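Following are the structures in question.
Here come two complexes built around subunit A, the first alongside subunit B, the second alongside subunit C.
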Partner chain A sequence: MNIYTARTGGLAILATIIAVAPLGFSNTYFYDVGVNAMFNAIVCVGLNLLIGYAGQISLGHAGFFALGAYGSGILTTVYGFPPIGALVLSAAVVGLLAFAVGRPILKLKGHYLAMATLGIGIIIHIVLKTEAKITGGPDGMSLDNFKMLGFAIKGDVMWYWVAGIALVGSVWLALNLIDSPVGRALRAVHGSEVGAEVVGVDTSRYKVLVFVVSAVFASVVGSLFAHKNGFITPDIGSFFHSVELVTMVVLGGMASTFGALIGAVILTLLPQVLAAVEQYEAMILGAIMMGTMIFMPKGLLPSLVAVLRRRGGGR
Partner chain B sequence: MSLLKVERLSKEFGGIHAIEDLTFSVEAGDIHSIIGPNGAGKTTLFNLITGVYTPSSGRVLFQDRVVSGMKPYELAALGMSRTFQNLQIFFNMKAIENVMVGHHLHLDRRFLPSLLRLPTVTRRDRECRDYCAGLLEFVGLAKYLDADAGSMPYGALKRLEIARALAAQPKMLLLDEPAAGLNATESREIDEVIKRVASSGVTVVLVEHDMKMVMGISDHILALDYGRKLAEGTPAEVRANPEVVSAYLGAHG
Partner chain C sequence: MFAAFLQYLFSGLTSGAIYALAGLGFAIIYNASHVINFAQGEFIMIGGMATATMVAAGTPVPVAIALAMAASMLVGVALEKFAIEPARNADVVTIIIITIGASIFLRGGAQLLWDKEFHALPAFSGETPIGILGATLMPQSLWVFGVAGLAIVVLWWFFNRTLFGKAMLATSHNRLAAQLVGIGVKKVLLASFALSALLGAVGGIVVTPITFTNYEAGIMLGLKGFSAAVLGGLGNGTGAIVGGLIVGIAEALASGYLSSAYKDAIAFLIILFVLFFMPSGLFGKRGTDRV
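Let's turn to the complex of A and B:
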């Protein structure tokens, strides 16, 4: 299949699924779950640029998500910013922060990078928890509706369409980037850093760039999530949330934009499906993770595509 | 004019002199080979010239400009490109994409146009693709165009690295054992590729163990042993040098 048809085809299928899924929704709870799944999917599409394509790890991205959420919360409630202004300013600040910490820590590799990003996430989480005067501490803080041009986004149904548009847009941007000189440089960093350097790729610059981009993705979704939920607590920036995000990317398929998306949707829906056997939820989640790593280390979608290609006569 | 000058270059690794007080120059347009027994410091020398290592002392000049201490990507921008003895292929990409990364410096690398897929980016990307397909053909890999690099045989990967290095449009190409691990037929094919590269005006610096290849294609040879210069000259001169014979060729009787 031609790469261009794969791109537009994939986007069309995604948009269609988002558009027709509500036909099967029997109440607003479905919309709520759908919004969360799509929010997670956007974060994962961004995170996958870092993890799947550039081959770097981050165990602290929930921190950037939480900063976006709290940035929006504080700027709108305390300083009276319009929500869109708060979202943009928060994303800019998170981008700057990611740039500042990314430069030193992205010199690290493997476990060391994992530990350093873990540290960032933990610091952000603790600051949000303890700076109670600004953030409300462990009790959390409330936000107003997302208003723009005199129009308020409220209710699960409306948020569903906003999230859907945002998701399609994010996937479009991610696909664009991957199939561009910048994206090829990122993938080359994953393939061989020294190999990329000797043909002129400034590998440290690209690693920092993708780190910033993925952090901004997380921050923007954090802002949207905060307004949609109307209430946030520091736990959205917890280590567990960071691990959850990485798990989604790994399960769906590293270096596959649609894979990361599918991973996010599956792991968001799973707790709903498993609600009946709630006490075993964590166990089942763990078993899925182990099974993925053992039987399809490349993730769900890439493994599936490989099987279909073999069936299709080696095409 | 000398394209590359190496002046009193030394590199120490914890007291071991991998390269010691080495001086030589490479003339533009030549095929300049560096030979020596295993551990003579050939790959270390390559890593020093291309910025992968920084020298302990001495300096490297490229086009009369001091380049020692520069990063590999800066040297690439000045016109220096290389391949590796132990392949450094992007196995997560297709063959053509590997070569397209090689053309990185000649493309629109701005972030926003890439993110928004502006027509200027896509147009130049298509041109780049055609150009790189031509390079794959040049090294004899036309049939692997859309193959995943991970599925290609070893001999083809060696040539893929050469195509990628050429895509950077270098003035000087450094090849680290391009024929290592290849059979006789594949060696001859690489041989042909190197000759064609040189005749297109690119200066070639070659590290190679295949003496038949080295003696056949080189304009100039530098022989190293224990990081020092053993001999230098035309293939005939180096072949006749008794020290080279005893240190290196002697192994063949």
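Let's turn to the complex of A and C:
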């Protein structure tokens, strides 16, 4: 009962923040940043299931994001698919791909898994860059508006609300998954893989499942991002983007859905703030990544919660 | 036919030697601390950039090389002292983010200290190609082979014949036991970062006359070094060398016979394939976990 109220409480707070935030937006630029922050947040909520709950690392998720984006781009412009059909088909293909590669690579541990996922991400990036006939190569490709039932989503304001609803929906989905038997199995895998196996958890099945789920999250957001931006380049699938996504999850707090969300928002806003000191941007970003991880290895949200608990007299 | 093959082989061996040095850098740090240092590529970049800019400013080449190696080692030691040591017991992911943060920081610093341009270094002994069986070999490639070979021999001697090298090996096998017999584990950690940085810088310096360098040059070289180390089996020195050469040669052959655009993809494809069947790399220890 307690967990249930905490969950709905968190969701209500999130929905309120999304609804109230535009009151402080003075122009559409804020909406634009807001949409990007929420898109990143959705990917991170999915990725956090893999990293935070199942304890598996992926340095290649930008590849799945880019596949979703390019899947939508190619299916809508070349094959005349309706956007929603393209989104669903791309997500299904990405899910299948993640399933096919997931089984062999999730047998790997630690740095070997990091290497394998990194390799998959880089291969996807290179394919998108090279197959210029289909993808437009490094110059990128353009997309139309997202149309559904004769209604087009366009403009930063409208996208803000769409992204907001999608974010609340995915957080709800993630929280439910975590509290289901699947979530408990995942946490068991994180705690001790052998231990989980001994008590009858089919560990490889759950690891693959959550890998597929997180890849599909990334793909769907990739599709939405492509339509919202109207233009995509292969760099959305770069190694650096994968690193950014993992950093968001870890910075905000692993194994905390709201932590991953906060990490995504902070890291999306950071470059906007740092734009003022452009030449130092990379150094400051690097220093923040190192500093947070050194002093708060559990991430922002869990560390903050721990401090508050201690202040509160150990309740 | 054969001449073309030989030509690809030469270029593959040249880049493979650099990957091997980078891979060794990964292996040394991994052995001492179980950390994968994603800033390894930045050591290569610092070596190349520092030497190139100092030579361009009129510093004699040997002095510039010595200073660049010292600078890189200093960065390596600082990285260990200020970023790795305080996070000793953190998760694998956390430490990966710290070293990636360090690499972004160093790239930002390099861009600020130098610039975004490509920098060249004159070849050490001229640019007259040497003809071998119809293929040509640049004298600088010989420098790369020679220096990489020498570095490997010196490393072997260091780890097998000197007390400090043996202490480092002992630490990699069992940290606690090493500490109990009086080995200064902290010193070993510092030394491992200094040594890796030195290796990276050496690789960066000898390869710069061939490939040129800029502030971002370390990204791909670092990832290739990581690939070499993983392919050979993490923490295995011989494995890293063999891994580096395989990656280099495979890339060169792929870009020669298939497509140069897919050169980088081929390297990673090979690694995925090897990992599917040998989850601990070619020479890695078959891991048994203690429950």
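To be clear about the criterion, the second predicted complex is superposed on the first by the 314 of 315 C-alpha atoms of A that agree within 3 Å, B and C clash if a C-alpha of one lies under 4 Å from a C-alpha of the other, contacts with A are read in each partner's own complex, and residues count from 1 in each chain.
Convention: contacts are C-beta pairs under 8 Å (C-beta built on N, C-alpha and C of every residue); 3 or more make two chains touch, one makes a residue touch a chain.
Being a predicted model, the structure only gives us computed values, none of them experimental.
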Following superposition onto subunit A, is the placement of subunit B relative to subunit C best described as a clash or a fit?
fit
First, second, both or neither for A:Lys147, with subunit B first and subunit C second
neither
Should A:Ser192 be classified as contacting the first partner (subunit B), the second (subunit C), both, or neither?
both
First (subunit B), second (subunit C), both or neither touched by A:Val201:
first
Output check: A:Thr130 vs subunit B and subunit C. Expected answer is one of first, second, both, neither. What do you get?
second
More subunit A residues touched by subunit B or by subunit C?
C
Contact-wise, after the overlay, does A:Met283 reach subunit B, subunit C, both or neither (first, second, both, neither)?
second
Following superposition on chain A: angle at subunit A, subunit B versus subunit C, Cα, nearest 10°
80
If you've got the overlay open, could you tell me the nearest Cα approach between subunit B and subunit C in whole angstrom?
6
The shared contact residues of subunit A with subunit B and subunit C are 192, 194-195
Subunit C residues within the subunit A interface of the complex
30, 36, 83, 86-87, 90-98, 100-109, 111-112, 219, 223, 226-227, 230, 234, 259, 261-262, 264-265, 268-269, 271-272, 275-276, 279-281, 287, 289, 291
Help me check something: in the complex, which residues belonging to subunit A touch subunit B?
55, 173, 176-177, 179-185, 187-188, 190-192, 194-203, 209, 255
In the complex, go through subunit A and note every residue touching subunit C.
51, 57, 59, 104-105, 107-112, 114-116, 118-120, 122-123, 126-127, 129-130, 192, 194-195, 239, 243, 246-247, 250-251, 254, 279-290, 293-295, 297
Please give the residue numbers of subunit B that touch subunit A in the complex, ascending.
50-52, 71-73, 75-77, 81-82, 84, 88-93, 97-98, 100-102, 104-105, 107-109, 111, 114-117, 121, 125, 128, 149, 161, 164-165, 167-168
